[in-house]
Structure formats: structure tokens, C-alpha cells
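Chain IDs A, B, C and D follow the sequence of writing; residue 1 opens each chain.
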Amino acid sequence: MLKGYLLVHKKNFVRDVVPWVGALVVLAFAPYFVSASLRSFLLFLLMWIALSQSFNIFTGLTGYVNFGFVAFYGLGGYGMTMTLLSLNIPIYAAMVIGGVISSLFAFAISWPTLRLRGAYFAIAMLSLAQALFVIFDNWNFVNSATGYTIPVKYYDPVLQYYYMLAVAAVTVLCLYVIMNSRLGLALKAIKQNEETAVSIGINATFYKAVAFGISAFFAGLAGGAATWTITIIDPPSAFDTTITLTAISMSMLGGLGTIAGPIIGAVILYSIEHYFGLTLPYLHLIVFGIIIIVVVLLIPQGIMGEIISRMKKSRRQEVGEEG
Amino acid sequence: MPSVLPGALVAELFILGLMYGLLYGVLAMGLTIVFGVMKVVNVAHGDFVIIGSYLSYWAFVLAGINPILSLLLTIPFGFLLGALTYLGLIRRVQNSPELMSLFLTFGISTLIGGLLLFFYSPTQRAVPVALGSIEYGSLSIPVNISIAAAYAIAVAIALRFFFYRTYWGKAVRAVIDNRTSAILVGINPDMVSLKSFGIGIAIASSVGSIVMLLQSISPLSGPDFTLISFVIVVLGGLGNPPGALVGGVVLGVVESLSSLYVNAAMTPAIGFIIMVIVLILRPQGIMGSRG
Amino acid sequence: MTGVVADNAQRDTVLDVSLVRKNFAGLVALDGVSLQLGRKEILGLIGPNGAGKSTLFNIIAGTLKPTSGTVTFRGRNITGLPPNRVCRLGIARTYQIPKPFLDMTVLENVYIAESFGSGRDSKVGTPAEICDLVGLKDKMHLEAGMLNVSGKKRLEVARALATSPDVLLLDEIAAGMSPTEGEWAVRFMEKMSQSYDLSIIWVEHVMRLLMKGVHRVVVLDHGVKIAEGRPEEVVNDEKVQQAYLGGKLS
Amino acid sequence: MNRSTRRAISTMAVVGIVIVLIIVVVAGIYIATLKPKSTPTGPSVITIGMTMPLSGTFASDGQMSLNGIKLWAQDVNASGGIPVKSLGKSLPVKLIYYDDGSSASTVATDYQTLVTQNVSFLIAPYSSPLTLAAAPIAEANHLLLLSHGGASDSIWAKGYKYVVGVLSPASQYMIPVIDMLANMNPKPTNLAFFFGQDPFSLSVMSSVEPYALSKGFKIVFNQTYQETATDFTSQLAQLQASGAQVLIGGAHFTDGETIMKNLQSLGIHLNLVSLLVAPDDPHFLSDLGSLANGVTVPSQWEPNLNFSQFSPYFGNITSGQQFYNRFMTAYGIAPNYEAAEAYATGLVLEKGIIDSGSLNSTVVRQQLATENFYTFYGHFQIDSTGKQIGHTMVVAQWQSGVKQTIWPSSVATATPLYPASLQMQQPSTLSYSGQGTTSLYVGGVASESYMLSQSTHAMLAVTPTSPDRE
């Protein structure tokens, strides 16, 4: 257990938790008072929150950029669909199986890939995801290029909304728990200096693999829920690199390694994409590009990262005065 | 129908793979020089290729300029564009973590893609230049691919000359080898970075011109070129220009010969799988030398 | 178990480095180096640049695997164990160029080391007490990145102590400290060694200081142990004088 | 220390509140912008919803289809709208459409949005995978979904009741090509199959393969490829070595052009090449020049087809040529069959509404099940699953810069150029065949496209294949 006095933010249950619970309650009752199209907007916003947050669980906490993130999403989607269609089990069970499959894949590839660092890791993961795409496209076991369609009997937009809300909420909660656990502490150390972390007894290989697996699990859950909503899964949509890039952009804009950051990023970027995408299809790419460039040049830590570092700065001055 | 003997077929596939591989290699050289000098992974590399292709396309459409001649246009333009991109954007993240340059160039890639789509629509463009093939007995070697290979060799020779015979080339090599020592002996690293980024982009956009001889392009093709370059660069070792050429040839030949055994739809996976294996077994690339 | 037998036979030897050899792509960095570290002993490890001191540290700490030879810690063969295992067994190290977790406070740095280091309560004290011991009490809540060189060196020591080690590998702790601070470091290590049953291998370039603090000295040159003994004996050794080209030792 | 931690906590709380505020504000803006759109339009207009791939893989096809449908809507509204018996008046049509970026997930989102916007009918996006993504949402909301560009047979194999195909399904595409080859003299024996690895092309392949074998052809080369591949030279070199006389394959646009360029650069002699989709597009000629010559394409429609003598005939447009001219005037580019089938989709909907007298999707769907009529696009008749069975495919071929209909011979405007191999071989020198056609899209989007007219353009425009010749 952590000793409270060491944490940057000491738990204050009321102040810390109330806004989150409030947001959750608002979202939980949203289907009763918003239009169906807004509900559909919120559903996909929640999907992006879940995705950028599960991206954040690994990349934000360890600093390893996972450019093959979409592989987890796609495997979760395929796992969910195939178990649902063949075993005829409840959707939530199929989703969990999808998450587990994705997670097992992450563990399996963690040994070779997590030894690589920086650009090598990024490129290796990007290639792995691309290779998965090509393999699935040719693999009859997964219906090759044709993929699967979820039968109409499973269509239920309100239920889909609640499932996605649950996935997003659990992902955020999990990130919160991780960040305040021994695992989070170890990852924080690994991110800042892996060599030192290892030298004080932290088993970096193990903790990184665990974070990788957890990230994959939630991305897989989100992939399953998304596939159920989209009703169709085929290799180009399941392993679309754009999903990785969007998750990266969202968590970066908001601030990697923070809880609120990826959520803010998802809200901003998905809104932009939704509005501009509907009316001016290419303009949103231009806006996306400019936002990323501006963020990297001006606020490389993202919106939340910037807020936190300013907070720290003011605290530092305070400490300086006291000392 | 004259049927080609299997031996001749293998020879033909080998030659085709070799020539494609040379072009791949030169394409990747641009990327690897930039990485070697600045430790910047340029995700927008392929998009600069497409810019070169569009330049050649318009030169052909508006003035009837042959894509080969338009190299005279795309090389200086690419250099200028690269230098400006470096001065305006890349320079600011050069000392930040690798991650930041990765994100920045990803932003540039998205922006270029978006701008091209906005102005030129996603329609594919091609230049109707028809070149035949050269026949040697039962071998038929396409002229356009031969031109591409010849161009690649020319670039490789020019780069070799630049790296070993000119002051700036030696400076670039020195910076790739050891940045700190290079600075200590009086090399201006910013100048080296500027020039290498310019050269990297000039290579990319000139390959774009050559690509117009081979295939159709659209604003969306950029990332495909980036991916191919990544595979090659990793095969040859990041930041190792001669390695990139070797990596390109290996990839080209393996892809071409594997087509005898593997359905074409699986071909793109071959490069990725080789690359992942190489990364695991020899992270320094197949050329073997570290750094 | 042979380890137990060895332990009984040499009760006083905590760490036993035996015939360690390390090649880097054809270059020999260490050529069959052996040394023993006794309980509560402070052993100085010296040698000119490139002698192989850091390589030896890295091999003991598990960062590098030796080409041949063994490292035995309290009767247990630890050769080739990963650094995190080595640390949890009780060997802590500091870095010549301090490598703290820059964005964490001093206290957090020490706290992390304490909670992962040995898996048991620190024998030295709570993280705050350790900060106090090394003289960082008033800087506990500063981020590590804001410390000066001396502060960072103290933090290296604090972090290493927090893992509850039995063996401490100190890499140029006094470099970057003022002479007064250096004196303090010597006294401090003496005290730590006695109070907490700590054996220390200490690499330092400030020879004058080192000679005051250590019980015994091992001299490396080009990967070979050229001398071993009490500080005053070693200083006068001819080979050592030669290695240092002109008696910089005094 | 306590002071500082307390400050940190409150900032965290502030951040939480900020997030909630952002969500609320964005949601508020969203509702505010939506309200006017979603207010019931009542019976004053017929609202039709759809998405189109205006960016991404299918962008050029999506643009053509959109132009076709928009032209139909324009024509209908210019003529006073569609008469609806149950309301006793004519209503204009209103199209709501979004760009789906060729992405199935965007299709799903957008159709979920569309069904909440008081649409009476839905039109599917171009391409099979996107149609498949839209179908369950239409089905669950009991809205008619007319498919104009989704040909894969699997669309109608899932038991959907509201999906109606206007175009011939994928299984029909290459059948007439095989029929034609069986009638050629000399009849080729060795075929090479080289299709794309995507649902549509695989669907075409799985039906043409047994059919070709039953007609006594040998398949000497059979591979599939990734549409994104940039080069097929090594596969085509093997195709050459296999002794194939005819190449049948393709998927969409870019890959088709690349195959042609690769064939040409290898100097491969084939009696005939027949590719899916790509050669039908006018860009095929401008991009490839004389290289396009002799290439055939199974086509849903060609401008020189004339169905006006069939009855019952429906629609303001009486001949393919008239549609060609109409489209040319409106957009400055020649229509391909994607544009025609999109326009015809509008006609089918129009006919269904008029005959049933209703704006209820279920009623119109039942009406369409009983319909049997002709438009400029050809025959319309569906089976119980909604799959098109009336419409037939033709085979078109590029001949000296003109796309001619060559099969079935009853509607042919020219005799097949066969063997077409002499056109495949170009002299080994640089030669510019034809000028580039450059279309500059201003504003990028669903807007009109402006042409920088070039000589190819003129060449395409002046193809007086008069309806009399049929």
C-alpha cells in the first residue's frame, strides 16, 4: 500500500471523486433526455475515450509509443464477434473473451517487442499491426477479406450505449487504480529512468508486460463494443492504422500519462472530426494536422500535462519560499 | 504462347526484385540519413514522395514535361521544402525526446495528406507515359523499372561521392557517427541537420517523380511509402545509409521471389514479418555494425 | 548445498568476485579479475580511466553479463542475474552520473527505492529518515531535477540505502562535492558501514579522500588487478605508480 | 506540505469540473446545431438519407455516385417533385448526406444519426463493405435501403427485408465475359484469374470460376492481391510464364491501372484483358492513353444503350445518350456506370413511391417487390431477398479512345477487338499517348468539379454512338 503523504495529490474523496461520479450519472441518464443522434455521438465519443485511455494505460505510463495499438482493438473485435457467432453466449461474455484474446496476444508479443526502445519499438508495433491485417485478410479461419456481420437481432442502440459507457468508465477507473498502485509507481519509475528503476529492484520487464496486457484488454473490450455497434468487422476496418493515430492524437493533445488528458483530447478531437467530417471531409485532416503540430511545438505535455506542470511550478515556488 | 522456362522466370523475378529493391533502397536512404543525423523518425517521408509525384504530374499536364526531366524540378524543390520544414518545425523538437519528433512528423503527414486531398480530391493521378520492355531471349525487362533502378544507382553514387569527397558529406558522416565529437571538432550540427533534412526530402520527392513512371498515385498513397521505407530502414539498420540500400535490395528480391510460392495478397506481410524477425534477432540491422 | 558450506567456511566474505572476464567485440575490458569483500569492510577500487572499474560494477550489479567468471554473494552464485534481482538480494549501487527520477520529489525517489528495493522494511529507516541522514531533509519536497550536483549525489546514496542493501557499490560519490562535503561522505560511510552492517566497494578519483575512508584498496589497470592491500602499501607500489604515470596518487 | 497537497486536490477537482463543463458545452452546441435539422419536416418534403465515401479508398467512386443521385434529385425537383397519392400532392425530395471517409465505423455512426433525422428512405453508400455496414441499421429501423454500389451477393444472403439492389450482383459481373470468350474465334483455352482480395472481387471470382470451368476453359493462373499493393510485376511475370491467353480480374480503380501499366512494361502478349470497375472510369483513358486500348470491362451500363422500346418504361430520361449529355452538362465530366446506377436508384425509389402512393418504407418495399419495368439504366426486377435479377451486365471495350459496347451482340456498338494483343505492346521509347485530363476539385467536397478541358476530354465527348446504331 502507498503511504498517503508521498502522493502528489492526497486522496480527498469528495473533491476527487464527485466530478467523475457526476459525469457518470449525467452520461447514464443521457439516453433519456437527449436525441438519438446525440446519443449516437456520445456513444462513439465514449468509444474514443475508452480507446485513448487504454492507449494511455501503456504508452502514457511507460513512455513506450505503441504504434500498433489498433491490433488490440481489432483482435478484441474479432474475438467478440467470432465467439458471439459460434458460441451464442451473452454479448458481455463475448466482449470479455475478446479482451482476453487481445490481452494474451499482448503478452505473447511482449517478450520480443518490449526489449526494443524508442523508434524501434514504434516501428515494430506498427509493422506487427500491418502484418496482422494482411494475415487476417488472407486467413479463411477468420473469413478472410469478407469478415463478419453481427446479426440484426443484436441491434440495440441504447444497450450499446450503456455497454460503451461501462467500458469507458471501467477503463478510466482502472487507469486511476493503476496510477495509485504499486504497479503505477513502478511504471512511473520505468518511464522516468528505466535503468535506475531496474537498479532499485523493479522488475521492469514484468511490469511493462502487465501494463501492455491491461492496455490490450481494455482496447479489446472497446473493440468488441465498437464492433457490436458498427455491426460489421473486416480486416481493413479492424486494423485501420487511423485508429492508432487518432488514439495517439487524442491522448497527446489532452496529455499522456494523466487521467483527464485523454478524455479532454477525445472530446475535442472527436467533436472536430464529427462536425468537420460531416460537412467538409478533408478539412478535418488539415485541422488535425495543425493541432498536432501546434501541440508538439507549444504544449508538448498536452493540455493536462501543462496544467499539472504549472501546478507543480507554483508549488515549487511555495516550497522555495518555505525552505 | 511462348512459355518461359522456370529458370528464366526465376532470373527475371530476381532481376525485377533487384531493380525495385534499388529504388526502395534509395527511397529509404532519405529516411535513414534524417534519422542518423537528427534521431528524427520522419513519419511524413512518404507524403514528401507524393508531393514530388504531384509536382511531376502537373509538370506533365501543364507543360508536357516528361517525369524524368521533371527530376530537375523535384530535386531542388524537395531540398528547399525539406530545408524550410527543418527550419520552421523540425529544428524545434530536435533536442526533445524521440517521441516528440515522431508526433510532429505525424502531424506534418496528416497536414500534407489533408491539403492534397482538399485541393486535388482523392482521385488517382497517372501520367500516360508508355515505355516498353527490353527483351533478352525469354527475359523481358521493363524499361520504366530499369530507369528507376538506374536512377537509384545514380543517387547512390552521388551520395557516396557526397559522403566521402565533400566537406559537408564528411560532416554529415561525423555527426551520424558521434554528434558530440563532431561538435567538438567544429562542425555546426544545425547546418548539417538542415542539409541532411533537405537531402532526405529531395531524395523522397525525386523518387516521387520516378514513381510516376511506374504507377498511379493519390494523396492517400503517402503512408504506404513511409511503411515500406520503415521496413527497409530497419532491415539495414536505422541511420545507416548503405544499409538502407542493402535492405531495399533484400526486400525487393525476397518479395519478388516469394511471389512464386505465396499468393500476391500475402506479399505485403512478408516484409513486415522479416522486419519483426530482424528486429528481434539483430536490432542493429542485417548489416551488423552498431551505430 | 555447496553455497552453505562456502558460507560457513568464509563467514566474513560477503561478496566474492572470481576470475571475472569481459570481452566487448574483441576488446578485453576485464581479464580475470578476482576480489573479496568482507563484512563491514570498505574496499576502495581505483585505477586510471578505462581500467574496467565501471565494467566490474556493472557485472556485480547484473547490468552486464561476464564472458566468464562468477560473482558470489553470501554464498550464492549471482552471476548473470538481472539487476532487479541482484538489488533485491541486497546489492545496491549509485551511478557516477546521477540518474534520479527527475520529475519526482526527493522523497518520492527514496520512497520508491524503499518500497521496491528489498521487499522488507528498510533497516536504515523510513524514507524521510534516510533523507535526513544524507542531509536532504530540507529539500525532501523538491523535484530531483532541481537539486545541484552535490544534492544529486546525496540522493544517489539515499536511494541506494533505501533498498536495505548489504553491499553498496559507490561510484564517485565525492566528485562534485566540496572538500568539506567529501570529509562528511567519508565519515558518513564509516558510520553506515558500522551501524547497518554494510559492506562497501567505493570507486573514487579523489584519492586523498578515498585513502582516508577505506580499509583496503584494489587497483585495476587495463582490466587486470595490479595491486591489492592497505592504502598506504598500495600508494607506494611501483606498478601502481607506473599505471598512474607520475604518481598522481599522493 | 499540507498546504500544497490541498491546493493540488482542489486543482484536480477543478479539472474534473472543467471536463464536465466541456462535455456539457459541446453537447449543448451539438443540440443547438441539431434542433433545426431534426424538427419534423412533415409531409412538405421527402427526406432521403445517405452517406458517400467522398474521401478514402472509394472516394472517386463515391463522388460519381453522389453526382448521379444529386442529378436525379435536381431533375425531380425541377419537374415539381414526386406525386404522392396518399397526400394528394407532389413533394420535392431533400437529400441529407455525409462523407463516410470509406470507413465502416463512420457509416455506422452516420446512419444512426440519419435514422433520427426524419428520413423516409435510405440510400446505401458506394461499395459492398459500406453497404453491409449500413444495412443492419436500416433493417432495425424499418427503413428502405437502396443499394446502387454494393454488389457483393452476401448483402442479400443475410435475410434483410429492407435492402433492395438496383444493380446486378457481383456474381453476374464476369459471366458475360466468359460467354463472349466462348464465342470468340479462335476460342482461348487458358485463362488467368487475378482478383483483388476484397468481398466484392472475391464474390465475383467465386461465381466466375465454376462458370468458366463449365464452359471448358482452363485456369492456368489463379491469385488474389492486396488492393493497396503498388506493383504486380512479379505476379504478372508468372502469369506470362503460365501461358495464359486472357486475364480476368481486378478489384477497383488504382489497382486496375497498375495492372495495366505492369502488363505493358513487361510486354506481355494477351488476347484479352478484362478488369473489374477501373476501365469503366473515363480516367482510365486519360491516365493510360493508348494503353487502355482493347481493355474490356463488365459494365452495368453504357451510354449507347437504349431501352426506350421496352415497356413499361419509366423516367424522364429516355436513352443512355441523353443521360450522358445531361450529366456532362451538369458536371463537365463523362458519367460512368456508377453515376448511372446512382441516378437509376433515384428512379426506382420514385417509381415505388408513385405506384404505392406512400412514403412508408415498408409499403414502398412491398411495392418494389412487385415491380417489373425499364429505365435508361435497364431492367428492374428483384427476387424475394431484394437482390436484383432483372438487370443484365454488358461488356465494354476501349477502342481507339472510345468505349464501345461489344457484348451481348444484340446491343453491341462495335465488334470486339480480338485478339487485342497488338495494342499491348508499345515501342520502347517514350511516347505520350493522349493528354492528361485534369479535374481540379475546388473546395474539395461534395461540390461540383470543374474541368480544365483538354483534348482527351474533347475526344471523350465526341463519341457519337447514336442510339440508331443499336
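Here, a residue touches a chain if its C-beta (ideal position, glycine included) is under 8 Å from a C-beta of that chain, and two chains touch if they have at least 3 such contacts.
Only a predicted model underlies this, so the values are computations on that prediction, with no experimental measurement involved.
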item	value
Any chain that touches subunit C and subunit A	none
Farthest-lying chain, centroid of Cα atoms versus that of subunit D	C
Central subunit by CA centre of mass proxy	A
Separation of subunit C from subunit D, taking each centre as the mean of its C-alpha atoms, in whole Å	73
Centre distance in Å when subunit B and subunit D are each reduced to the mean of their C-alpha atoms	35
Centre-to-centre distance between subunit B and subunit A (centres being mean Cα positions), rounded to whole Å	33
Two or more partner chains touched - positions in subunit B	117-118, 263, 265, 268
Residue numbers of subunit C (touch at least two other chains)	141
For subunit A, residues contacting two or more additional chains	134, 137-138, 281-283, 319
Set of all touching chain pairs, with the criterion as stated earlier	A-B, A-C, A-D, B-D
Touching residues (chain side subunit A, partner subunit C) in the complex	3, 6, 182, 185-186, 188-189, 192-193, 195-205, 312, 316, 319, 323
Parts of subunit D lying in touch with subunit B, wherever the complex brings them together	54-57, 59-60, 63, 190, 194, 197, 223-226, 228-235, 237-238, 240-241, 243-245, 253-254, 257-258, 261-262, 264-269, 283, 286-291, 425-436, 438-441, 444, 449, 454
Contact set on subunit C toward subunit A in their complex	61, 63, 82-85, 87-88, 92-93, 95, 99-104, 107-108, 111-113, 115-119, 127, 138-139, 141-143, 146, 159-160, 162-163
Residues of subunit D defined as touching subunit A within the complex	1, 3-13, 15-20, 22-24, 26-27, 30-31, 34, 38, 54-55, 57, 98-99, 101, 103-110, 112-113, 115-117, 129, 132-133, 135-137, 139-140, 154, 158, 160, 197-199, 202, 226, 444-445
Interfacial residue positions of subunit A with respect to subunit D in the complex	5, 7-10, 12, 15-16, 18-20, 22-23, 26-27, 34-38, 40-44, 134, 137-138, 144-147, 149-152, 155, 157, 226, 229-232, 234, 236-237, 240, 242, 260, 263-264, 267-268, 271, 277-283, 304, 307, 311, 314-315, 318-319
